[in-house]
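Consider the two complexes below, in which subunit A is the common component and subunit B and subunit C are the respective partners.
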Partner chain A sequence: MNKLKVGVVFGSRSTEHDVSIVTAIASIIKPLQLSGEYEPVPIYIDKSGRWYSDPKLKDISLYSSGQISDFLARQKPIQLSLGGGLKIIKPGLKPKAIKLDVVFPATHGTHGEDGELMGLFELADVPYVGCDMPSSVLAMDKALAKIVTSSQNIPTPEFVWFYAADFAADTQAVVKRVAKLHYPLFVKPVHLGSSIGITKVSQKKDLINAIEVAAHYDNKVIVEEAVANLIEVTVPIIGNDKPVAAYVEQPLLNGDDVFDFDTKYMRGGKGKGSKQTGAQGYSTIPANIDRDLYHRSEQLALDVYAELGCTGIARIDLLIDAKTKSVYFNEVNPLPGSLYAHNWRKAGKSGVQLVSELVELALARHEQNRHKTTVFDTNYLKQY
Partner chain B sequence: MRQLLSLYSLRFPRIIIYMLQTSEYRAGPYLRWLWRTGDFSRVSKRGSLKLTNYARLLLIGLVVGIFVELAAGVGLIVVGIVDNMAAYWELGISLMIAYPVIMPNLIVLPLEIGRLYIVEPKQKTKISRASAIFASHPGVKIAVAGSYGKTTMKEVLKTVLSEGKTVAATEANHNVAIEHAKFASRLKGDEQILIIEYGEGAPGDVKRFAANTHPTHGVITGLAPAHLNNYKTMAAVAEDIFSIASYLKAKNIYVNGDSDAVKPYLRDSYIVYGSKGVANWRAVNITVSTKGISFKLKRGHTVIDLNSKLIGRHQVGVLSLAAVLAMELGLTDEQIKAGIAKTAPFEHRMQPYELDGALVIDDTYNGNIDGIKAGTQLLSELKANRKIYVTPGLVEQGSQSEAVHKQMGELIAKAKPDIVVLMRNSVTDYILAGLKDGGYHGETRIETDPLGFYNNLSQFVAEGDLVLMQNDWPDNYA
Partner chain C sequence: MKLIVDGLAVNFELIGKGKCVVLLHGWGDNLSTFSALMSSLRQRYTLIALDLPGFGSTQPPKQIWDLDNYADFLADFLLKLGVKRPYAVIGHSNGGALAVRALATGKIKADKLILIAASGIRDKKGAKRLAVKTVAKIGKATTLWLPTAKRQQLRRKLYGTIGSDLLAVPGLEETFKRTVRQDLQADAAKLDLPVLLIFASNDPAIPLSDGQRYHELIKHSYFEVLDANDHFIHQDQPDKTKDLIEGFL
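What follows is the complex of A and B.
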């Protein structure tokens, strides 16, 4: 039986480069390999944007030991061919071309998850896993996502967004725009995930500093009102036309009501000696909220997924005011770190099942799109 | 080509010593494995050479032997060329090419000589001394024999009887004559009960063990096709195992009635135990769960409530026998209840553990068809999101291999697991045929990398799944 070649693209020029490596190797490549049905082809984009492919790139110790730089120094970057599907070409005396049947993007943040890679795959007409280009662009721009969902009456905290350049040019004008919001506020870079560059601001005097931090990471900044009596929940979803949610999960917040990078990825596990790492050690699944609130959260997440046109996989973050029982949309993560496999496993889907299903969804969407007409005959050129 | 290259790889000597070590340095199994192996690069999949002093010595010996043979070959070629004698250099080349064939066979010679002239005479002396110790020991001596379930029976008896008596038992699966001798040498003489496990492997073993250990009671845990490469027939297995009854003149013999194969050998004087109880004690109200089993042992109006952490209905017989034997040996009901409550699964024998929310039952030390029956029955009794059954099949089934594995496939089909995972080997097709005959409609996966599967089991399971893993094949059976 010929196995489907699945190109797993990870790394890239992003602050979440390292998280992407773990997502790709532990949560995608390994289960794809174990499924027996797919042949994963690792495609690593280094921090300067060069693309590499080699079977050894599937080994996490290459990265954790710091040997990756030496290894890449001995490798030649690959080339891409976009005609008639996506091929990666390994240069050499006799260049070797590998045609990919499906691509599984595993990048987080900029230059990948934000829609750039998806545009490339659309051009190459190759099936790919996860949200398509427009929904990735929307999802990764917190301001755009809020504008679109608000237009469909999906509640979200009051917010203001602006370009970092505008802030640099006229700081007071931006501060004035923010003045309509009620403190405490959250200041965030618009495009970044993993809670990087986020600051909670309780007093006006700290606002400018917080904006400067966010502007350091991104060219666009969003400032939004904090939700009082906060319960933060997140809902992993997969599917195309008929999306399904895993469990509504309640992450542990740090003292500033932020599920930050350190809490998510570094502390890991419940106390000393725990082998668990990442969010799975720092969350409650299912969320410890009443049944009505649980179902409203799940439904709101599914509504956001549909309104933004998400397909394949995404994770919707929500904010709950525990007193008023109001649920607000916060943001979307079109490629959740490690696919949130820990939640799916709890919901009854194994790692192998999850990646297999995601590849199937990618193939189904591609097949569906194939029937769209892309040719329109006219006499337009004849006039010239 | 790959097979040929594997003979001349630098790892070849280590692989040979690994094969010897895995075969427990026994010439027969090692040579059978050696002769049927084509590609030596694929031998060491499940384990690797443990460089003990003995293994290191053998490895050095083998490497030196190879060098001597190569040097002899070079010498013969030089002489042949200098003296223009074709036969010499032809022989030299042959020697150099043939070292992967000659040396791995030659290495068993010193081993066998050592065994015959050094090890065995020493062992005979130790066994003879042990026989005297056992004969003069005043305690009750319970011998545990059978094709399977011996270690569990021994451990359950030890746990329960220890509540009221001083008990000593052979360790783990140390169940052959020399291990019995080591056990005897450690006895203080004041033990009230000795429990001795008999690990049969070839005709006459059990008879010899009984003659050496002088048991007062015998437990026969069941009969199943096992070690048929040596015994050839089930009748020969039965004859050897039931020789313990002859030794005890059919008195104090306890036989597992749940084992269909023992039925032709039952005598009126034997006490039969099983999932229905022991003798006139009946086991009723049996509840099986992933946490353990509970039941009542009832005779007339006397009732004893028993709870154990052991898993599976087939353990009711084992626990009932332990309870009844304990009564006969003078333990109180309270002591028996406490002892039974302490019984828990043993390593790799129906041992449950949690894996990312799934329940895995590790029964990889199970190697017989009755164990498969018990396991598949348990699988059908328990509730789960998905039921996953994993096995490579059974080893040493001799000429009955095809029939046994077809029966195994049918038993698995009857338990209706959602997924059956088989490890690709010589019996896989028989199990598949059995699954088909049993009308199995679930998913079947054939794994070519068993170690990869076991090591990454967490990727295959989700919360609420139940995984039953029965038996495991070391490299020498693959």
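What follows is the complex of A and C.
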């Protein structure tokens, strides 16, 4: 039996480039290989946006040793063919074309997770894992996600958003708009993940500096009220029409109530001397909250997933006021780092089962969409 | 914490209560070099430590910089934080050289200065400088045939054996060359504030004679020598360094 060829796309022009490499190799390519049913094809997009494919790109040591730039210097970037599915073409005297049966995007942040890649896969008419283009665009814009979900009465902290260009043109007008919010505030770039460019602001005098930081990274900025007595939880979900949640998980916060890049990816486990690295061992699974709060959190996450039209996989971050027991929607990650495989493992789904299920969900969605009418014959052109 | 200064995202820490003390790390280092020192000084002082451009989590400069560019940046950074005149500046190694240049040119002002194993005394006939130049020439010629990563590895090794920071930070080699060309003896002579000099007896990177030279040049200077073989005195002997600093402040 021929194995399904799964193109795993990772890297790209993103502040989360390196995190993506780990997600792709450790949490997707390895389990796909172990399943015995799939043939993963690594497709690496470097920091300047060139696409490469070679079996050696599956080896993490190529990146960790710093040899990747020398390796790529000896490689030719691949070409893409979009007609009737997606083919990657390795140039040479005898160009080699590989037709991909499914694509598994493993990019985080800009130029990938934000919907750009999904648009390409839609055009190529190839099945792909995870959220589709519209839901990825919504999920990766923190302001849009809040506007859509709050229109469906899903609670979220009060917020104001604006373009970085408007802030540069009239700083005081933006400060005036923010004045309706109650401190402390969080200032964030709307599109970035891994908590990059986020500042907690306790006093008005620090607001402008914090907005400058967010605007340094993004063209849109969101300012939102901080939730008091904070418990942050996150809920990994998979599925198309009938999504299911893994455990509600409680991440470790740093001293500023921020689950930041260092906490998430650099410190590893909670305790001193922990041998765990990366996005593991920094949280409590299941979250240490009472049963009612747990179930309300899980349901709110599933509601957000449905309202934003997520399919395949996503992770919903929520904020809880421990005193008032109110649960608020915070943000969505359409492609969670390392797929949150550690949580799914605890919930009884192995890494192999997780990636296999995600590929099946991609095929099912593609099959479902295939039956939609997108073209039909008309007499329109005959009048010309 | 982050702040945008001169178009660069700057990582810094602001902790403690009391008079303001600014801490400047050396070449290839970052603000965490002062962790032990900061944990004790924070009881009595407001401490501002930053990753200088190109180091730690601060973005690198967009052009090639010299010490004056770094001094301008430091002045802008402090201005943005609303610090008109810090009570004291502590500089280690190249951070010390930066402090000397910034204070001597009036780009920043402070009441006291502490230089820990500070660089800035550039003796053109120095054996080490000659060795760096020789290795640079030999290194370039003998490694040209190697792939880029291997060439860098080998050159890094060559420079490492003679204790040079030239290739400590990829991308900042030209900035490093410009920085180490600046001799600060005339600047040191201009300093008119109390200066505490802490140097190691056997520092492999900065000779004790540089500390002595600073002591001769700076009118109100106090020269302390710690019995140590390490360039990072504040990490090697944190308690003694802290005691000296607290006594001086």
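Rule of thumb we're sticking to: the second predicted complex is superposed on the first by the 380 of 384 C-alpha atoms of A that agree within 3 Å, B and C clash if a C-alpha of one lies under 4 Å from a C-alpha of the other, contacts with A are read in each partner's own complex, and residues count from 1 in each chain.
The rule is simple: a residue touches a chain if its C-beta (ideal position, glycine included) is under 8 Å from a C-beta of that chain, and two chains touch if they have at least 3 such contacts.
Note that the structure is predicted; figures quoted are calculated from it, not measured.
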Is this a clash or a fit when subunit B and subunit C both end up on subunit A?
fit
Could you tell me the angle at the CA centre of subunit A between the CA centres of subunit B and subunit C, given to the nearest 10 degrees?
90
Could you tell me if A:P157 is touching subunit B, subunit C, both of them or neither one (first, second, both, neither)?
neither
Examine A:G337 and indicate which partner it touches, taking first as subunit B and second as subunit C; both and neither are also allowed.
neither
Regarding the shared-chain residue A:G130, is it in contact with subunit B (first), subunit C (second), both, or neither?
neither
Check the residue A:A347 against both partner chains and state whether it touches subunit B (first), subunit C (second), both, or neither.
first
Now for A:H216: first (subunit B), second (subunit C), both, or neither, which partner does it touch?
second
Have a look at where A:S69 lands relative to subunit B and subunit C in the superposition and call it first, second, both or neither.
second
Check whether A:G7 is in contact with subunit B, with subunit C, with both or with neither, and answer first, second, both or neither.
neither
For A:T199, select first, second, both or neither according to whether it touches subunit B, subunit C, the two together, or no partner.
second
Quick check: superposed on A, how many Å separate the nearest Cα atoms of subunit B and subunit C?
26
Would you mind writing out the residues of subunit A in touch with subunit B in their complex?
30-31, 34, 36, 342, 344-353
Within the complex, which stretch of subunit A touches subunit C?
66-67, 69-70, 73, 197, 199, 209, 212-213, 216-217
Which subunit B residues qualify as touching subunit A in the complex?
356-357, 385-386, 445, 447, 452-453, 456, 458-465
List of subunit C residues in touch with subunit A within their complex:
1-4, 9, 80, 147-150
